[in-house]
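Heads up, there are several structures right after this.
Presented sequentially are two complexes of subunit A, the first with subunit B as partner and the second with subunit C.
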Partner chain A sequence: MKNLTVRNVLVAALVIFLGLVPVIAQMTGNTFLMTLFTRIVILAIAAVSLNLIMGFGGMVSFGHAAYLGIGGYAVGILAYEGIGSGFIQWPVALLACAVFALITGALSLRTRGVYFIMITLAFAQMIYYVGVSLDRYGADDGLTIYKRSDFAGLINLSDRTTFYYVCFVCLMATCYLVYRLVNSRFGMVIQGARSNLRRMRAIGFPTYRYQLTCFVIAGMLCGLSGILLANQTDFVSPAVMHWTRSGDLIVMAVLGGMGSVLGPVIGAVALLVLEEWLPHLISIVGEFVTGHPVGAAKEYWALILGPMLLLVVLFARGGIDGVLEKIRRD
Partner chain B sequence: MTDALLKIDGVTKRFGGILASDNINLSIPAGELHAIIGPNGAGKTTLITQLTGEITPTSGTVAFAGEDITALPTYMRSLKGLARSFQITSLFMDFTAIDNVALAVQAHAGNSFQFWKKARDERELREPARAALERVGLSHKADTIVSNMSHGEHRQLEIAMALATKPRMLLLDEPMAGMGPEESARLVKTLLELKRQYTILLVEHDMDAVFALADRISVLVYGRVIATGLPDEIRANADVRQAYLGEQEAVTTQVTHHG
Partner chain C sequence: MLLFIEQSLNGIQFGLLLFLLAAGLTLVFGIMDLVNLAHGSLYMIGAYFAATFAALTGSFVLAIILALIATLLVGMAIEVIAMRRLYGRDHLDHVLGTFGLILFFNELVRLIWGPAGLSLPLPSWLNGGFEIFPGVYYPVYRLTMIVVALVVAALLYLIVMRTRVGMLIRAGASNREMIGALGINIKLLYTFVFGIGAALAGLAGMMQAPILTVQIGMGENILILAFVVIIIGGIGSIRGAFIASILVGLIDTVGRAFMPDLLSLVLSPSAASSAGPALSSMLIYLVMAVILVVRPEGLFPAASK
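Take a look at the complex of A and B:
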């Protein structure tokens, strides 16, 4: 069984665990686990979509969170204006993301390297300030969504378990779609363009149109994540589009591993779980060492997370997934 | 010369005050192996990149198979049958050898907006790729990641990729660069065979190889073609000896020795 590697077993275990989160939450009565993992699964979709352009396509976008906002605002604004049907909200949201990706991608993809990073960041900042200036829809304070997307009684998104599984299925579908994409002819072109753009042109590929298509697909997939996020929090604000959010998505992909489709899923779980549990860990360890509650010290969890990220980038260039992959070879 | 496959007409390229290509006229009929020699900095690679479309001439035209291609983008020239290998190895280093060649095949097998079927399972792509690797003697390395291959193998792979694009003409930019004598000899053999099937423009420093392969030779000095002719004529040309061969006594004797 050449597929039975340490990496594959662990990844399968992770996927099974994600599939069982509602059951575990029910058994342990831990509702916070549900909230946390719904969020993780949703942001994993965004990280996987970013990795399609960044890891496979070599297009390092520093503005990917813009699509979280566009997807979210499309849902929020339509709900606010009285259009509650998911059959309208979701396609409109995805279409808005596609249009934004098409326009910004068409311009960004004329640049390379650092300039590409900067121009994607600039576009995301632009849309961030558009959000801030939307007075009718809450501006800075954001927009509360009073009713989740309505699917005519077919699916009830207000039910926590149902909603979790909708997100989980969306994540699995996204991963499978990206997997098929990167191994298709289209995916070979995308990866070839990452590896050696000049050579791609010399052997006869008009690379631009393929990269742009890929950029639009990734934008729409991230838009899906934005739709779900707005539905989970019943709220959307410019904060979801802040550039630090784009940075979080990059960290997820780099931490988990950019070389595989599922790497960013691992990264999303690792980052968000650490973010959640490091503060607790600090207070427990701090109290144990000093003998009294350490209080504010737990605010410094980033001091631990930062060096961990550094170590991954320096010593494990394939991310967590890359490290697991290596175990097989030894 | 209307039957020329590649016709370069008055091509001039200026970089600021420097004339990298100075009114170059060349006409290469189908079936010929035409070599371009010249000292370092003579503008050989500049000429090649104008033929592939990576830079546009300041003035002059390039025609391929009777069609003016001066303004065509690089990928269109490849699709029309003008293939090139790079002087400095330019491959997909993180792919396997066969993936590299299969990608070249794919470029010429319709558009690549195919999102679902696994490209690595398509015989339509893999088989021609295998054949091209076979042709340059690399089939035993098909599944090796390119970054783990030797320099000589990289040079062979460069040619396999050019072949895989089903070209009508090959532009080979110093294919022997950095090769040992044994590897060079093997590549000369491969090129002798390819020469029967393709029109070739060969830029090369290795004089043994050039005189063994070329039907005609052009000498480029400071961006100008100072002579074009049969190998014997070039060897005997006084200007050439002074401007180029004369600079390197060793090469001169080697060349004379050949004649």
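Take a look at the complex of A and C:
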């Protein structure tokens, strides 16, 4: 029973909970829970994909939200032009992400460290402004998608439960793929390049090609998240590509823990649930302390979340997952 | 041609504003090796302070001076409370921690000043046009901004290159252990540098305040431009930041002014007018990407590292 640690039990419980969200929502009649967790599961895919390059590959991308936008816009634009079939939309979206990742990755990987962070940001900003300039497709205001991707009657994405499980399966598949990748020879080379690039090169690995491949895979996985996000909100706008969204994704990965494949999933759940429930918590605590309802105060959740992130950085290295890991060792 | 001169002046003015923001950022980045995303928050706080003090005292100049001191103090307080603990950590930790600070400050400002924006009215003596060429008028205030920013840039250069404190700052940038071992109070030096950076960011914010509205999140987009500037210029190089900020300011402003006309040659007028500003914003990032591809460490990499 070596694997039965606190961390593993909690992570397993989280995954089972995510799998049962529609059942719980049905039983409690809480439809908002479904909306929230569909969003969480979708963004968790993006965070896991970011962690593939950031946590395992050491390539800190500050422009990962670009792929959310590219995936979303591919679906939105095709739907707008009358091509509603998911069999066309999804591959086109993924291909667009792959091409963007290939071009920007090839250029970005020439730089290191902070310069890499900033050049990925630059490319994401370019795509952001492309979105803003798309006059035909709503420009700044965004593009409403009137019909979700159509899979010839096989899967009905408009059904909330079906859609949730599609997202959930995508998340699980992404995690499995990343897990297999990281533990393969390919993943070893990627992690080796993170630890010591020069040594990996000296051994004779063409690290550039490995890193670029990794970058493209991560971009496509994030594109999948973008496709799902556009389908969930029935809407896509340049705002999904804003640099603060890339920041959110980094926060998810670092908060959850970059050391494991499932860390970012924990981070995505933690961040988005906190965002949603901190306001309620504040109003409850506020009412308890002051003795009367504090309606206005509950808006100020970021006053708590902001310093909390700072505290996580300062005192909980390795994020939530890292803290859970430590429980076993003590 | 007149339009071109006016837009070029606007571009230089915007570039100098960016320089004020970027100078603090590049000092902190180059010396403490700290990625400070919350620098934009200090820009915002400076503007809020100026608007508040102007409403309280009724004097524009007094408000600017008081707001500068206040921003300097806030910056030093942030350094002592939070930033100090982040030195020597991974850049990713900086990004996460200071991202948290952005959330905190945006919310704090909302709590103190409310969600609606403020405005900082210009005094009448700054509110006219100045004849730069016969028949060509340029707003006095924008001209004042150019002069103030140039004076600050010159002062900064003198402080960093010609004074003892500046010598210590440069020494700290090239070898912080050594300067600590020589008995210099490096903690105090860092607090000072961070405070100066904060005050410069605040100055940029309060100078921009009469032109734009003072609002929450006003520092976020310009912060990214400031990062672009210090990356193009080379991290830690004030000279690089100066040249890069003028370059970025000119590209942004002149592109915004002329791109729609240029595009209307190939596109319909409405499409051109909506795509123009976006494309000129894109142009900056394109320039940055090209520069990084050709020179992966910026135009003027700091000599030390």
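What we mean here is this: the second predicted complex is superposed on the first by the 330 of 330 C-alpha atoms of A that agree within 3 Å, B and C clash if a C-alpha of one lies under 4 Å from a C-alpha of the other, contacts with A are read in each partner's own complex, and residues count from 1 in each chain.
Throughout what follows, contacts are C-beta pairs under 8 Å (C-beta built on N, C-alpha and C of every residue); 3 or more make two chains touch, one makes a residue touch a chain.
What you see is a predicted model; the values in this text were computed from it and never measured.
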> Which of the two partners, first being subunit B and second being subunit C, lies in contact with A:V6: first, second, both, or neither?
Replying inline: neither
>> Touch test for A:I327: subunit B only (first), subunit C only (second), both, or neither?
In response: neither
> Is A:L20 in contact with subunit B, with subunit C, with both, or with neither (first, second, both, neither)?
Replying inline: neither
> Touching A:A173 in the superposition: subunit B (first), subunit C (second), both, neither?
Replying inline: neither
>> Looking at A:L181 after the superposition, I want to know if it touches subunit B, subunit C, both of them or none. Which is it: first, second, both, neither?
In response: first
> Looking at the overlay, what does A:R198 touch: subunit B (first), subunit C (second), both, or neither?
Replying inline: first
> Now for A:V273: first (subunit B), second (subunit C), both, or neither, which partner does it touch?
Replying inline: neither
>> Taking the stated contact definition, name every residue in subunit A that is touched by subunit B in one complex and by subunit C in the other, in rising order.
In response: none
> Which of the residues in subunit C end up touching subunit A in this complex?
Replying inline: 29, 35, 37, 82, 85-86, 89, 91-93, 95-97, 99-108, 110-111, 220, 224, 227-228, 231, 235, 270-271, 274-275, 278-279, 281-282, 285-286, 288-289, 292-293, 296-298
>> With touch defined as at the start, can you tell me which subunit A residues reach subunit B in the complex?
In response: 180-181, 183-189, 191-192, 195-196, 198-207, 210, 213
> Okay, in this complex, where on subunit B does subunit A touch?
Replying inline: 52, 54, 73-76, 78-79, 83-84, 86, 90-95, 99, 102-104, 106-108, 112-120, 122, 125, 161, 164-165
> For subunit A, which residues count as touching subunit C in their complex?
Replying inline: 54, 60, 62, 107, 110-115, 117-119, 121-123, 125-126, 129-130, 132-133, 135-136, 139, 243-244, 247, 250-251, 254-255, 299-303, 305-310, 312-314
